[in-house]
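Following this message is one structure expressed as structure tokens.
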Amino acid sequence: MATLGANQWGKSEVRISKVLRGDDNDEFLDLTVQILLSGDVELAFVEGNNSAVLPTDTTKNTVYGLAQEHLSTDLEAFAAVLGQHFVARAGIESATIAVKQTRWQRLGPTGFLGGGSEGRTTRVVTSSSGPAFTSGIEGLVVLKTTGSAFVGFPRDEFTVLPEAEDRLLATSVTADWVYPVLPEDTTATWDRVRQLMVDHFFDDWSASVQHQGWTMAEAVFDSVAEISEITFHLPNQHHLAVDLTRFGLPNDGTVFQPVSQPYGDIRFTAHR
Amino acid sequence: MATLGANQWGKSEVRISKVLRGDDNDEFLDLTVQILLSGDVELAFVEGNNSAVLPTDTTKNTVYGLAQEHLSTDLEAFAAVLGQHFVARAGIESATIAVKQTRWQRLGPTGFLGGGSEGRTTRVVTSSSGPAFTSGIEGLVVLKTTGSAFVGFPRDEFTVLPEAEDRLLATSVTADWVYPVLPEDTTATWDRVRQLMVDHFFDDWSASVQHQGWTMAEAVFDSVAEISEITFHLPNQHHLAVDLTRFGLPNDGTVFQPVSQPYGDIRFTAHR
Amino acid sequence: MATLGANQWGKSEVRISKVLRGDDNDEFLDLTVQILLSGDVELAFVEGNNSAVLPTDTTKNTVYGLAQEHLSTDLEAFAAVLGQHFVARAGIESATIAVKQTRWQRLGPTGFLGGGSEGRTTRVVTSSSGPAFTSGIEGLVVLKTTGSAFVGFPRDEFTVLPEAEDRLLATSVTADWVYPVLPEDTTATWDRVRQLMVDHFFDDWSASVQHQGWTMAEAVFDSVAEISEITFHLPNQHHLAVDLTRFGLPNDGTVFQPVSQPYGDIRFTAHR
Amino acid sequence: MATLGANQWGKSEVRISKVLRGDDNDEFLDLTVQILLSGDVELAFVEGNNSAVLPTDTTKNTVYGLAQEHLSTDLEAFAAVLGQHFVARAGIESATIAVKQTRWQRLGPTGFLGGGSEGRTTRVVTSSSGPAFTSGIEGLVVLKTTGSAFVGFPRDEFTVLPEAEDRLLATSVTADWVYPVLPEDTTATWDRVRQLMVDHFFDDWSASVQHQGWTMAEAVFDSVAEISEITFHLPNQHHLAVDLTRFGLPNDGTVFQPVSQPYGDIRFTAHR
């Protein structure tokens, strides 16, 4: 015979992002939350009686539901609100809430630069006819809380996406460009290309990822004479609006679920 | 001025699983699909006109929508159906469909063993009082297409989960057990524990992950005298039913979206 | 003022593999080991006095050094030997040894199939001229403890690799093949191709990864008429022989360090 | 019969770091290099004749060997030097060199901040007695090119590590601290703790990872009254000096191989 000892249940890796709209600047929070409850649930183990087992799906929904009102940069306060919500229920004795905030660096009033594995790249193919240079950037993670739309697209029987006049847009830029002749200072040129991409992602309004990429490509051609061709890979890193009306709450349009799979996949080459 | 070259758009890492119900045996398919379209979308880039840009969200929905009728073990046929569906639309010139099927090994009529990083573990703490042994397993990925329920749970304002009289259940078993005295043949004992876990996951009906784990713990205690305590970590690896009625289709209950984040997190210790 | 509490030091993710040569069959062990020591090392923290801090590099070397004599399938015994070795030293009060054995499945007397993410793949490009099919396999991890050599290669000032008349060979097969016309049963054909690859990896002696891949390609062409072209990617997943003579021990040729970075990178296309 | 088509061989994921010593500031380069050669190697495939197959191990060594003299921030120039070196050999027709530079941000003359997944964390356990707060940081990647030593450690039969009067030191700081009472502004307090850690990692000379961590812990206690206890996890992210004398070159002490496995594992708790 077995005797039940310590046990917990809940949800791990709940992804949530929130935009804190400001008069001049937006804040952007990107969190991963874990909820682990404990209480008197021995009957669930031994008899399959779930009457005390708050579903883990509910614990996840609670994070989204309470975030709209209670989530600010004070993570400790938000975690305490969540914990108090759960232990106020009959049958739940303790709640452990773990939060990790992934840091983004502010770049302008509504723009943010993500962390990660940003890198400078080059690929050089050398043969008897000499070297051929393709250089690039990868892992340049950028997000803006406004300044992007997606409307006017065709609809069919599988289309349920609503039109968005203004949306949060995030991507991880990978780009490779051809240098027919190498610039004198490859590092300075790379820095310049990177800055152009950042500036035009944040400053230019776009009607789609494709449109956003195009403004970046044109800016590079306008300013960097050494580049003859550029290829972009722009995954659309979705932040899905969470529908809080299912919980009897209004949708303020501030609470999102970031999803890593699947992602919109946009690729193109531009040349002079 | 920039000129548009080759370009593609679509969705990557679309996760889909499907149960092919059989009279005697079920089949289980676990796929990751990529859709990349090309067509006449220059206006989207240059002018922000999306009238030819089928949303990437639609391409994802199409995978789920067509899977119910067309997805079998013949991956090539399914990919061709998807490709033909897309190129039949005005404005789409070619469709590249890439499919990866992750392999599961059949273990019984409705049970499957996943691949991955299954491992045997041990942790030995040695001090002046001698060694203390905790051994275990990790990454034992198991899935069954029937034989698990989740009903009778409490509901609150954040509970939208429907009751499930029968559901697909998948987890990656991590377990650690204490050997007060080491068995003579640690390898044979480990093999026996693993087999007990596999057998009782597949053969015992369960009312919850907790209940399923309990049958596994009890079986170990019943059969392996050397073990005094066992701790389980059983993430609920969700396969969400896709609601096809949004596309005017019936829900046959065979098409799922596997999600890696978040996961239900169930942990417990049992002792004699 | 700060006071030191609990503390540990050691090495994590020490990778070690060992071949247990047998008369009829070899065994192959693939382990990841962690060593965490504790003892009286307060002076190291407070005064920078390292006289009691056994280097973490030494703890790693000890794993390799003791493995030759003491490592068998009884992981608990090996961990206890390691622990006793460390606590026998003055100043070390306890040693925690954690071991994870990654499971490989035996395929023949000297061949093993690794776990992981083995998958069946297909890529179908559909345009107005109809679909074009490329199918494949990825993540087929195979290892043999004998039956591969690498000798007779050119040497230059950067070449220090010794010639190997017989070596352990491991790879993760990725292959893609072209079907000009689709076979009637794509699943049966895929199974057949996979089996041919497995058989010829294990049964055919090879002079290099290239040579090994070639025998696999030829076998596919010989037996599967529907395939006109096949491309292989065969990373050489190195298991480096550990030089135990540095520790005053003989080299029995059984203890290896698996390394994930870098890897030998072999790619080729074969056509009829 | 099979006919050989396109093929390449070489090494992928060659990790290399280099310190460019300066009068006032050091530069630090962190690269991942891929070398893929092609040439007349049909006999290797068909007959197992390796006379034209430069070992992939040699291609890796060449990266280290040529880096000492030729690697600067001009990645394109270094890749071209590598490519020309290989194609100058008989039998090699083309060389593709791909380089990714992972970006580090300068923090002071010899200090650098890595990218990655830096995060702010908190863990709040709520029970009937109210909430208990532990907050922290993870993924704070820091590296300094000087200002750390490791000497005076005990030696045994498995110790081959040389003493280092000055060495490159890199870690990814994870720390968790206890707030008996929550500070008024948790965000400002977190920012302050992070800055103290960064400052004392870069500004304080250390005799070991333990010693370095201790200066960070003491600084936190000195300046942040709300914290009663702090636990550090400080993996030693090794950059191994590459021995170039094997290639007939002097060791300038600037070329390193970063290794991700294994890592030195240092953990401790400090309290007031």
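Which chain is which? They are A, B, C and D, in the order written, and residues in each are numbered from 1.
One rule holds in what follows: contacts are C-beta pairs under 8 Å (C-beta built on N, C-alpha and C of every residue); 3 or more make two chains touch, one makes a residue touch a chain.
Keep in mind that this is a model prediction, so the values were computed, not measured.
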Where each step is a move between two chains that touch, what is the least number of such steps from chain A to chain C?
2
Measuring centre to centre, with centres taken as mean CA positions, what chain is farthest from chain A?
C
Just the number, please: Cα centre separation of chain A and chain B in whole Å.
23
Give, as an integer number of Å, the spacing between the C-alpha centres of chain C and chain B.
26
If I count partner chains per residue in chain A, which residues reach a count of at least 2?
none
Considering every pair of chains, which are in touch?
A-B, A-D, B-C, C-D
Once bound in the complex, which stretches of chain B touch chain C?
73-77, 79-80, 82-84, 86-87, 93-103, 115-128, 131, 133, 135, 138-139, 179, 182, 186-187
Taking the complex as given, what residues does chain D use to touch chain C?
1-15, 34, 36, 41, 44-46, 48-58, 60-62, 65, 89, 91, 150-161, 206-208, 210-211, 213-214, 217-218, 221, 229, 235-236, 246-248, 259-272
